[in-house]
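Chain IDs A, B, C and D follow the sequence of writing; residue 1 opens each chain.
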Amino acid sequence: MHRGAYTLDMVVRVGIVGASGFTGVELLRLIAAHPQMELVVATGDTQAGTAVASLYPSLAATYPELVFQAWTADLAESNQLDVVFCGLPHGASQDLVPLLLGPERLVVDLGADFRLKDASLYPRWYGADHRVPELLESAVYGLPELFRSDLAALGGAGLVATPGCYVTTATLALAPLLSAGLVEPTGIVVDAASGVSGAGRPAKPNTTFCTVDEDFTAYGLLDHRHTPEIEQNLTGVARTPVQVLFTPHLAPMNRGILATCYARPARPTSTAEVLDALHDAYDDEPFVVVSERSPSTKATLGSNSVAVTARADDRTGWVVAIAALDNLTKGASGGALQAANVALGLPEATGLATAGLYP
Amino acid sequence: MHRGAYTLDMVVRVGIVGASGFTGVELLRLIAAHPQMELVVATGDTQAGTAVASLYPSLAATYPELVFQAWTADLAESNQLDVVFCGLPHGASQDLVPLLLGPERLVVDLGADFRLKDASLYPRWYGADHRVPELLESAVYGLPELFRSDLAALGGAGLVATPGCYVTTATLALAPLLSAGLVEPTGIVVDAASGVSGAGRPAKPNTTFCTVDEDFTAYGLLDHRHTPEIEQNLTGVARTPVQVLFTPHLAPMNRGILATCYARPARPTSTAEVLDALHDAYDDEPFVVVSERSPSTKATLGSNSVAVTARADDRTGWVVAIAALDNLTKGASGGALQAANVALGLPEATGLATAGLYP
Amino acid sequence: MHRGAYTLDMVVRVGIVGASGFTGVELLRLIAAHPQMELVVATGDTQAGTAVASLYPSLAATYPELVFQAWTADLAESNQLDVVFCGLPHGASQDLVPLLLGPERLVVDLGADFRLKDASLYPRWYGADHRVPELLESAVYGLPELFRSDLAALGGAGLVATPGCYVTTATLALAPLLSAGLVEPTGIVVDAASGVSGAGRPAKPNTTFCTVDEDFTAYGLLDHRHTPEIEQNLTGVARTPVQVLFTPHLAPMNRGILATCYARPARPTSTAEVLDALHDAYDDEPFVVVSERSPSTKATLGSNSVAVTARADDRTGWVVAIAALDNLTKGASGGALQAANVALGLPEATGLATAGLYP
Amino acid sequence: MHRGAYTLDMVVRVGIVGASGFTGVELLRLIAAHPQMELVVATGDTQAGTAVASLYPSLAATYPELVFQAWTADLAESNQLDVVFCGLPHGASQDLVPLLLGPERLVVDLGADFRLKDASLYPRWYGADHRVPELLESAVYGLPELFRSDLAALGGAGLVATPGCYVTTATLALAPLLSAGLVEPTGIVVDAASGVSGAGRPAKPNTTFCTVDEDFTAYGLLDHRHTPEIEQNLTGVARTPVQVLFTPHLAPMNRGILATCYARPARPTSTAEVLDALHDAYDDEPFVVVSERSPSTKATLGSNSVAVTARADDRTGWVVAIAALDNLTKGASGGALQAANVALGLPEATGLATAGLYP
């Protein structure tokens, strides 16, 4: 199959590496609804040999026979994969992605390993040197709202690094305001709350039901790893260094991220003007809804949609921008599929719902 | 368009009467994913004039322009509707359905008004005489797992009455055991728990967050209205009168019903035998998954799937059968769409997901 | 200090063995509100050296200096403990309790190790022979509603084995009906749901937030370990062997158990008569509330109260009895404190709230 | 009885006006645990004649006979009340409090009617002129951590206006930093999340379970009514005008408020220094816990405790201060009881738990 030449009757052969985690199970759900993708293989090293239906009964009717396989170095070749999605823990993709890349293959990495362009940020924020820094430049950042043409230019082959869930949320809230020069690039506060699925599948003391239910708490004070990625995106659109203080919180819900962002106006502005900036940026986007309504995570549940709004406060001199999305769909696997559609030359919204599950 | 002649390139024009309630919003979500259905009109008398996106931001990206309309007597004619779904409060369909029926139109009623075949049960369980009892006989009960051929025989026109959410759950758990003569028809207990969406959208003191969250309670003790409907279904498959004590409970979750059903074995049996009876009944069904796993409501979230299992207890002489589903999807709007697909001659699973949203 | 002689100005020196689990942290909370108990020492082997305030910030203001200690064989002697509560995993108490008992000391074991009177039930339901079966006879079952005089007769010294949380719930629902001969002793079904805290503090795959939230599921089908304990209690009050099928469910909430129990009437009865039997049994009890209201777990949150009701169904010939309580308070640590009060000769309700935290 | 002369064997006769709301039911729970308060009368106009046990089964065992009464103008006199707590909707206290005040009576108003000292703020933030502005000056603000000596000076008689729930949280987080001159008085952001009980008991569309569960959303953008009250408190401690942008959010939980507050350092500072400022302010407080731990609402559940921490970020030049508490206990009824204890001359912590219900 030749890249750039996908048409509406072609089948795209898909594999998932690291499919047993939450981004993996979400990809399996979404691919089942994608009319042109065929799931060929799913690996999960800690679950190798386990039936998908056993670990995830939610997929029992959809993938009754699928079994998680162990990784093998020739996985992509032996399965003739057109697309490989990687849903691996941070750090693991650096070793595997080079083995998956090929002249006619798209690799979409959902982890952090290829998101930052500046290799020197990895030791600072992720605690270790990057092992394949030469790939950082060629990796395309998988946020179609900002990098659609770069993604389309891949012509179906290459490496896409999809954004972190908090990063997508904060970036979509703030980018139009910085791009339009409406707010100052420093002194920005991103105060966000996430559902618990953002912490992944493995059982940990801080994500048991009894720890989290009926609780609201902040974590990662001052130094959450998504900070430099938010700054990278916003610096790009502002064309001047942007600095952000990011405070994530954990909310007692499965899914959803809401980011409430505070910035100083660069010049006198108004609620109408900041809303206009959002409308200008997003009214042609298939998945971003701008309105005066205060965004609600629940309205995006299971969909690839994002809700955004903004306000300017005369009294205190702050601009507030808010975005909400489903951290596993638009914030991870749905966003990855959207980016893959663009990179493959398929209609961008193929297989992706805009309607949230409600209630 | 001629009934019974739908093919894969035909468009089905759909209207929803009573679209502002939870079965309505779920229908709107599902129809958006149905490749052959086109939503033409949605009525909601208490919300007439309200934008769908305003009442349900979850649909803002999907139906940006749709506005709830007021009911009109010529609604189906003037909109050239092929299918009308009714999501009305109990009692209201008796007046409207006769106005919607037509020689080439399918009406699918999601309420209780046409579910019971015996008109004398309405005054007893619903508190009022039935106003169009002559329609009860012709209405086809919209549970494809039991009435597939009757639905198919409609050839795209007629009246379908879809089951209550608890009823679908209990019926699918118990029907194969009664049909096979494995359990006694009397002394059956159906102990079930439902998410809060089963109570509908309007704000009521017993379904506020602060009333329901972190609570588990029983309600409708001895006399819940779904009782005669469960008995009607099971009597049909058992070919002898079945009697059930049904106790519903409210669980602090949005969606999901799990029914744990207890019956006396009609003769010595075993877990293997009762599981075999479930497999025999359902292994060819697109939406019913039989396994030894204890069913989980969460595994069915947003999907049309049902999980069932059974056990026979030598020690106490009880057979236990358990089923779980999403009360708004398979238990209401998804089941209605599945029934409509069959009645229209479309592939039964068209537009319906089997994969649940997880987590 | 002499047992049986506690008066309202005496201080009771208390230790907790296994204080880092959920029954331990609940005991710490309750003892802080007990006007005569002084917490002297708390052990927690896996947490030895950890500050209580660090593991449980909920106790930071109450026990700012307390540190979990390691177990030592002379713990009770060296700390001059009057009462020791044991909140250990099943099996562990068999080794430690003999070292804690003393002529003037009360040991209250919250685990299962001394609950069953018939030692032969331990290998069957708990998988191992009992190591100190000679203690089973002398252990007093810590349910004051059934064994108040036995507890009082301890005179402040001896061994109390407090009931399992499901067991307390089911026993209090059914005991008056069996005691009064109103229902048959066999064919009883106990269908119950519990909050997640019943599974304990350690992180496990089946109790992560993302597994449990928005889910309802059954577990332990046919063979949950609380079954023989329910049967032991009910057999005692019925004076004839009672047999129960018990099906526990997991509900997405922190605390609370509700048991819906089904039994066959032994002779024609009525709702009025079964309610009367409950009133006769409980109207003088400080913690049991009988009413026609359907019990709600939330109404008991954090209190030592139990709500019960019952119905008789003419139509199907079933009696339904329902009880609700907080599994960690009345179902574990509160019930243990209540039993300790009785055994120590203190007013039974000392330090125990009847008002639930609401909402 | 003479004010200022309460001793440990005196009984305080208490009435609650507006007892059927959530602050009322929480007061009823707390007063039941107060060793010197006797609940004499509880009014609730919309619930007059309803048994407390019926509306709030959580109180059935505690107040089995209590019935909500209708308000009467001589309520305080005819019941010989020493203390009256008012839990009324905003606006209603202005008419009733003047009728309750008396030379030997303490009136504690939990609403907003007497919180603001500047009467001109009422029309702006509450939409109507104040009807008894002459009482604003004499009302003592019921936050003992800031106004302990003023409360004590009441000598058991007078008017106390207790703070809003968000206000207590934000004030306790920020006051020590402003008092010590560590942060700038303007440009402050208070980003907070609350459980749903803050919205009160009545059923409303925006607080049904199905609206709120699994959702996180902001509300009251730019103009929440607690804003001027936060500014009043902080202006008092800073001795210079303080300006705050306050953004509340709704989290899917019953209780709890967490405020994450952002301020600019007034001079170079450090995390150690800002934590020291909190320790200096609170180490002698019975209910405020300062630590490096990130505060968690759940750790305060049902208790009168507050958890606070702070950080200074060199990188972005922000100081972050966080506080968490139970909005109905310390944030409303518990804080009111604490203030009443001080005003009555009783030990401040009488009847108030520091240990949270966990899990």
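Everything that follows uses one rule, which is that contacts are C-beta pairs under 8 Å (C-beta built on N, C-alpha and C of every residue); 3 or more make two chains touch, one makes a residue touch a chain.
From a predicted model like this one, the values you see are computed outputs, not experimental measurements.
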{"item": "Maximum centroid distance from chain A, chain identifier (CA atoms)", "value": "C"}
{"item": "Selected interface, B-D versus A-B, where C-beta contact pairs are more numerous", "value": "A-B"}
{"item": "Between chain A and chain B, centroid-to-centroid distance (C-alpha), Å", "value": "35"}
{"item": "Centroid spacing, where centroids are CA-atom means, of chain B and chain C in whole angstrom", "value": "40"}
{"item": "Centre-to-centre distance between chain D and chain B (centres being mean Cα positions), rounded to whole Å", "value": "47"}
{"item": "Shared-contact residues (touching 2 or more other chains) in chain A", "value": "22, 197, 210-211, 213-214, 252-255, 295-296, 298, 301, 359"}
{"item": "Chain contact topology (line, ring, star, complete or other)", "value": "complete"}
{"item": "Residues of chain D that touch chain B when the two form their complex", "value": "22, 196-197, 201-205, 207-214, 252-254"}
{"item": "Residues of chain B touching chain A in the complex", "value": "22, 25-26, 28-29, 32-33, 53-54, 56-62, 64, 197, 214, 254-255, 286-289, 291, 293, 295-296, 298-303, 305, 307, 353-359"}
{"item": "Residue numbers on chain B that touch chain C, as the complex places them", "value": "186-187, 189, 191, 193, 195, 210-211, 213-219, 221-222, 243-245, 247, 249, 251-256, 258, 260, 262, 294-298, 301, 311, 313, 315-318, 320, 322, 324, 359"}
